[in-house]
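Letters A, B, C and D name the chains as they come in the text, with residue numbers starting at 1 for each one.
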């Protein structure tokens, strides 16, 4: 029993889950229960918790992809721009501005948008793995250019579309639950299965710690780097689809703006070391929920939106400090010395 | 009340009326220097459908009058620095008139002074700048406070003068947001004591945030009867949120918003939105008119008000096809 | 002596050559382009960016990163505008703003150094915090009417090299602040133990520690310099715009970082120069000018800068690989 | 002139890492002015930790340090330097991006009258200083332009130049050639004559007897004793270090020797025909048979590591042919070599070997996992079994397999890497400096393991800078010179002299 307890608290996702639950609890108390209430409206569930899951869908997907990138000691700051590109392509196709031969097919729009995401990811991966450019610089190129490219695709306009099939990506419900949640379950599920059933996870951690030694141990480092940046790009494009389906159009300026920061934040809250090494995708997904729930909290409490940033900042510091080994050492030592004294007494 | 006959004309009143005059206005220009009217325009960026329409209006006018007009256009990507740099390079390029839709009200003293030194007049378009009046030639645009007041009156009429409503604000600090809020809140406070604004938060002028904020409003205030949004995009987001909550937008909760973009007309036709206070973005012709006047040294008023209308769902179906944006 | 700075110098030289090529290209292609004032406007309009860029270069050389600078700029702007509005005189407000910068840097640096937190995350928190506080202080943009600020905003030196209009230009007083920062930056990095320790930490922090350098002081010092320069840039920016506005300069840290990279700074640390960063910022400025003259969609600015970034980074890589290959040969020959 | 004043005394020093690892337990140490004092012990005995405690890199749990009778408690290398303790740490610790001159003088650079760094004076001084070490370098070049050996010399030059009372050298000689070691000793003797106290950590007993005055031995983090070098016979020293009778150890080595003699080599496993790689090796002919221990010998930079790298697919074959089991192969990546049952322990443990933040278990399973491929995951249970097996077999000092490998001492890390490759059950095991920085007891163990493996039919390519080690293990030694094969000695012809002669240039 004791052993088991030890294991649960050791799990990387333990603290993120606790924090998430605390935020929910705090809100529930503050709103006198309203926060937790879930009702059924028009045959689907309705409530703030559902909102968190639906609105946090994009971020959960991005965080899952970002976790692996960070695990290899890299980073992908281009995800927001990739989202803009993917939305721009999908909406342009549906509008018939792009590839009019396809007749505005939603399926084609999704396929092309995801392909574009994969291409962006391949480009990042190519720069990182083959040209050996530092990840932050390599992905900065696409971050800077990506939004411009999206603008050039839409010729600088906001494209609005009219397609119920496309709206479903964000606004649809299956069994009463929002569709984005299923996308998250599907993508993260596959990823988790892949990481845990194969040695992918071990290889990523090993690459993140020491890529040269990993190569010497027989791991095809470049291939894996290429793969994870591609996955990250593909995931970002899916997030872009969700976002553009949500606003029923492509807004290249604002789509995914600064979301890379939130995604990295989510991973950090999940306890993955940003320098590479040990990682947990599940913990990052919880981290994403925490980030989303901060926004929801601020809205629910009617606090001015400006405080979202302040709150996030404070939360980052608190969480990072609590995870910092050094911090634990500094304060743990104090605790221990107290304990020692107690024993002496 | 909304003036239906008037609005029919607002489709592009400035254009229709003035277009005939345009050649006249340009004629003297050709006489003076036998050269084109060179205009530099520093646009904010692409923030909403409304602004796209404004940009289109300017660019279309310029491309239709290539013999008399030359347009240098810079999109500042929502950054004041970029606008300042663009204006400075317009000054270097020695344009005749500079147009600007300022991204914020403040911070224009230096660059306007430089333009003045170079003898280039500045036209402010659709947003004002907080500078000394002598530094710019004229402001062309609507009265945001009046828009807010009008929205308040429309709202009051729709909900019968009482009930709880919520407000979706625009980007914090933007004059359109501040003034539309001021006008609305003042009008409600002054004349409609039974209307209570129970929540007001920023939706950043975007659909996505409009929706998210509205979702939250609906949960903390299930008994609201109306929503006022500082632009149509946020209203469209709010409509989504209302539908998700199992309520009928346009009936259970009425909407009043500002701008008059096509999307909101579609929503009004579908019965999901109630009213939009137009803020006409088709300022291109009026802008070039004024610029030509300035080049020729004619005097212009300090504030050239654009002609705006109010549209309700009753007439939306009739005018939707004539909407240009 | 020649060998030592080879890698850095090649990419810096390329940057300078590129700048000249672009300037000549613009002059040939566009009327009015070739003029002293086009050139001087690069300083007038980018002074704040260059000051902030010089500051962040210190952090980048240590191998860290500081993404809070844009918020620091905005925050100092709002803070000053707000205080001036409350009637506090400018000679109190400006030093206070600079002190805020120092404090922000000291806190961030200490968190990064003493608790071994990631620079990216800590400065991300700093970015959120200060951006949030800006809006907490004031949502609206606050105009500055203080006479000293007005003087700095409008005061300028006319430069007349000849009668032709192209040979006329002006420099605003605040550009002199940039010049001072550049000179001090050059001196500190090249000639002081602190500056050299900055490079040493970028080369290997552990080694620097074991060689007995004061890593804590140097690292925290670098973050202080970065934030201080950001708040100084904030001061210059409020001279430039005579206002404080909380949403100003969003994402500008990327411009500063790109300037540094184009100017030859390696984000892995250990290599870089403040002069390069200044030139990098000028290149970005001139691209923007050309795009405006060409009357292109301004998004081409971003795309071009990204292309340029890509080009420079790849070239740096090639040079580094070459250098390694050369080294192998030299050793083999020995 | 061993003086009367006690320069440095450490008493009752204890240090634990986490809860399980007791690195130092009530250790004492003393150093007199003008003596060279060897600090000896097996891998993981706590030598480096003691030094780190002394110089403030690690905080001690208990104990006192007195320098010239005064209590000191340095919190950082910087403070230690200020009170007069200068150190060269075990791994090279300089900044690769700075010039040689700066690496020597950073932190104490000469200044001009204006207070700015005087670059010209710095270069001049650096040149002057390095001349004492017979190094004539372009001191304005970046340090990473030079080889590890030279970097190590620069580090020593830096430490010796600091006006210190105590100079600490933690395994400074492991990457130095004989000539450079002699140079170093000359300098050490001179500093000693100037009254400096020197602490010298090494695993080369010859060097201990060559330069040191006294010896302090640690074992498992405890203090064993301090002895006058001249009065402590080698045998006794070794048995004090390993805690076993040396005779026993020697016996086991002898057995190895016997087995080696009995080994029969089998069919040819590897054959390189005129293999070249641009910039490293040229026209290499080499063959290795099953069950054979082939030694690769040569001077520093003669291309031994490069040969192994090419064989392992790290560097590609530019010309020539490579056969494994008679089949022509093209190795593009280490995994190709691993799939052909090759294994390689690289010489740079820290950068090419260990995955620092992973556990011992994961480190051991890594190569086997890579060999099996992405989809055939080794279960945690299986990995644990492998780890436990090798921890026992190789006598790795660790509480359990969950420890992070970076927390092990150098020698134990080496054993984990060895285990990683043994777990893949290779046909050819390539060991590049497997005993560098490893204590004599472990060294003997590793040599024994090598011989045992060969007896079981495994081929071993053994690269070592210590000739006697190769002589002991190998039946055939190939000598390289200037990136080419210079000659070969086989069986009874193997002798130090024969190998040296080829190295020196005369073919046979």
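Just so it is clear, a contact is a pair of C-beta atoms (placed from the backbone, for glycine too) under 8 Å apart; a residue touches a chain by one contact, two chains touch by 3 or more.
What you see is a predicted model, and the numbers here were worked out from it, not measured in a lab.
J.: Does B-C or A-B have more contacting C-beta pairs?
T.: B-C
J.: Taking each chain's centre as the mean position of its Cα atoms, how many Å separate chain A from chain B?
T.: Here the centre of chain B sits 36 Å away from the centre of chain A.
J.: So what's the Cα centroid distance for chain C and chain D, whole Å?
T.: Distance between chain centres, rounded to whole Å: 44 Å.
J.: Going through chain B residue by residue, note those that touch at least 2 other chains and give them in order.
T.: If we look for residues of chain B contacting two or more partner chains, we find 75, 77-78, 172.
J.: Among the residues of chain C, which are close enough to touch at least two other chains?
T.: Each of 135, 139, 246, 297, 299, 302 in chain C touches at least two other chains.
J.: Where in chain A do residues touch two or more other chains at once?
T.: Chain A, residues with two or more chain partners: 151, 156, 304-306.
J.: What chain pairs are in touch here?
T.: Touching chain pairs, listed by label, come out as A-B, A-C, A-D, B-C, C-D.
J.: Which part of chain C faces chain D closely enough to touch in the complex?
T.: 1, 3-4, 187, 190-193, 196-197, 199-200, 202-204, 206-214, 270-271, 325, 327-332
J.: What part of chain C is in contact with chain B in the complex they form?
T.: 30-33, 35, 37-38, 41, 44-45, 135, 138-144, 150, 153-154, 172, 240-243, 245-250, 285, 288-289, 292-293, 295, 297-299, 302
J.: Can you check the complex and tell me which residues of chain D touch chain A?
T.: Interface residues on the chain D side: 312, 314, 333-335, 337-338, 344, 346, 351-358, 362, 365-367, 369-372, 374-378, 420.
J.: Can you list the residues on chain D that touch chain C in the complex?
T.: 57, 76-78, 80-81, 87, 89, 93-99, 102-103, 106-107, 109, 116-117, 138, 140-142, 145, 147, 158, 279-280, 301, 483
J.: Contact residues on chain B for chain C in the complex?
T.: Where chain B meets chain C, its residues are 71-82, 84-86, 88-90, 92-94, 104-110, 113, 130, 171-173, 178.
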